[in-house]
Amino acid sequence: MFDVTRYAAAADTIIAAGRFLYGQGWSPATSSNYSARIDEHHVAITVSGRHKGELGAGDVMVVDLEGRPVQSECKSSAETLLHTVLYDIFPDVGAVLHTHSVNATVLSRLLPPGTPLKLEGYELQKAFSGVQSHESVLEIPVFDNTQDITALAEQTKAWFADHPEQPGYLIRGHGLYTWGKTMADCLRHVEAFEFLLECELETMRVRP
Amino acid sequence: MFDVTRYAAAADTIIAAGRFLYGQGWSPATSSNYSARIDEHHVAITVSGRHKGELGAGDVMVVDLEGRPVQSECKSSAETLLHTVLYDIFPDVGAVLHTHSVNATVLSRLLPPGTPLKLEGYELQKAFSGVQSHESVLEIPVFDNTQDITALAEQTKAWFADHPEQPGYLIRGHGLYTWGKTMADCLRHVEAFEFLLECELETMRVRP
Amino acid sequence: MFDVTRYAAAADTIIAAGRFLYGQGWSPATSSNYSARIDEHHVAITVSGRHKGELGAGDVMVVDLEGRPVQSECKSSAETLLHTVLYDIFPDVGAVLHTHSVNATVLSRLLPPGTPLKLEGYELQKAFSGVQSHESVLEIPVFDNTQDITALAEQTKAWFADHPEQPGYLIRGHGLYTWGKTMADCLRHVEAFEFLLECELETMRVRP
Amino acid sequence: MFDVTRYAAAADTIIAAGRFLYGQGWSPATSSNYSARIDEHHVAITVSGRHKGELGAGDVMVVDLEGRPVQSECKSSAETLLHTVLYDIFPDVGAVLHTHSVNATVLSRLLPPGTPLKLEGYELQKAFSGVQSHESVLEIPVFDNTQDITALAEQTKAWFADHPEQPGYLIRGHGLYTWGKTMADCLRHVEAFEFLLECELETMRVRP
């Protein structure tokens, strides 16, 4: 059983995030999924296939950390497990956002398989929690896309158990996952990632 | 004779679609035309030459499936037949949108004549009705532009009778046609197409 | 003497145009100037140096066709004569817009001196009054930039007396001039030009 | 002691500037910092780490020209000294804006170390106070990024004492600093810089 008021508050942060992210063009065509922690065992998450710029209370449901619906007959996103593993391994994660921008899609397809995205020398890296200097190096892993989400969830779980300090990852031809203690932190991470992906791609345009 | 309330409801979806599509920059300078099915024999469609971001009820008229005005002295879009053939061959099509983005225009001019646009490996392909995996291949035909719309209508009719599963097509230097069971489905298809066209063009920018 | 109500109506169209054009990013940093005809001898035009997204009634003044202020102590745009020659040679011109987009600036600098911008094969060419087919060719002249506006005004006057059918011109590193019978026509021309300039530049990006 | 009404008025201009600059995408992910002069010895400046599109009165504090908080327990931006040296050496500066756009970030990384950004032949250079012609040359210095702000403040102070006519500078991989007599002047400078940076980068895209 979860606290309904905490669920409603979590749903509100998801609805507002959707309006912002869709408006930025980062969640087109009913793509993307968002979640926010309710308590140790429950997560509020978007229902599958909804328009992300027009979310209402009926578009957010509750799942447990194994991704099973709680008090709901709705179907959560096919990628629910990619959210729940993060809540499971990082007790202080309060929100997870998966977005679908052109820049994340194109850049993740252009990087050679097995190569992480390396970010270095950008002042904006300091937008990620715990980063103090532009001289740090962020290595963002790029996982191959698959429709077998259970396998990908295991893969990301293993990777992030070993790299707890990294703030997000890409799936090739698909999009970005990032998280934070609060929804505000998580949105700041999305903005920082999108900025840095745009910088990297822009640099490749000019120096192909 | 058509049901006037169904006409008014169809016109409303067209007006709202125009506000969105113009705001995205996909219907500039009075270009584009939009339609929505009223019943088996009638279609609501935009009057020729109107500002697509400022459509009102007086900018939407009714035509039959041969493209002839019904109870109206207005002139519908010069491309009316490209809409009506789709309603004719696909009984479950409820809306058709023709848009005019920079990306559709440029990409359709860059592809060699006779070559379709091939889309593969994008998670967002799943936004098209019936597509289950990013591993599917979408082949979007590119027709040569012409002012002889009757001939082009025949050409598209023949092509889509043979390829009922494809969700849209391009006209070279001109724009995109796509459709769906409802206006919401059709708008999702436009968003998905525009996203994928942007990805393709962006990739060509970086890897010319 | 001019009709004050007609002046006020002309000023309203200028103010609304400014809000739109600034919002599109085509009139940044107090650049650009706009005008609308009041009668055979008078034109409403923006006062020099005003924020184009925040124009009010006090930012529009009246000049005669020699560019002299009428009933005003304000200073009109330094480029007033580029507007008034158009009203002078084309009696049916009702509005002139000069905008300052990145695309117009960059493209006009990239074209070799003496070379017009050639537009051909775009369906959107039909947005220009009098153009019936994408197979027409539009040759847009590019004048060298200068701070000697009197000389440039003479140059454009001579050119357009010989080419009355062309819908606009570029000034190198500076921007676009276009006009129309009404402000709505003129705004449609700006949108069509910006679309086509973007297409041309985008093509050069992909095929450098 | 400073006049509280002047502080409140300065804070208002900062809050409005933030809404605009964030909306343009030039201050993402809590980056950037803004200030406005209160009097000869005091400056209103943004508190560290706040969302720049959602600033309220509680997000603006007062510092003296040595960058020390006045009547506040908040922490001002880590880059406060980069603001205060400008108020110190230029008595007529009324506002300083530091922004963080993709274009400023990418372009400053692409320029070889030690090379200023040269702007020439753009009509929009006239948007900078004191510039009369597109034939002028603006040389914008690019300082290396550092977390040692005291050292960078000294460096900029020395440079601008020698080059009082230049309207701004870049920090590599970091962003833009510009200033003006009023906040309106300063915002015009930001818009002009962003326009010119976009033009330069766009030209490099087409002619790599």
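Read from first to last, the chains carry the letters A, B, C and D; within each, the first residue is number 1.
Rule of thumb we're sticking to: a residue touches a chain if its C-beta (ideal position, glycine included) is under 8 Å from a C-beta of that chain, and two chains touch if they have at least 3 such contacts.
Molecules present, by chain and UniProt name: A, B, C, D = Methylthioribulose-1-phosphate dehydratase.
The shown structure was predicted, so the numbers you read here are calculated from the model rather than taken from an experiment.
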Common touching chains of chain C and chain B: none
Chain copies touching (chain C, chain D) - same or different residues, decided at half shared: different
Chain whose average C-alpha position is farthest from chain A's own: C
Where chain B and chain D are represented by their mean Cα positions, the distance between them in whole Å: 46
Mean-CA-position distance for chain B and chain A (Å): 32
Multi-chain contact residues (two or more partners), chain C: 205, 208
Pairs of chains found to touch, sorted by chain label: A-B, A-D, B-C, C-D
Residue numbers on chain B that touch chain A, as the complex places them: 121-124, 127, 132-135, 184, 188-189, 191-192, 194-195, 198-199, 202-203, 205-208
Of all residues in chain C, those that touch chain D in their complex: 28-31, 51, 100, 102-103, 105-106, 109-110, 145, 147, 171-175, 201, 204-205, 208
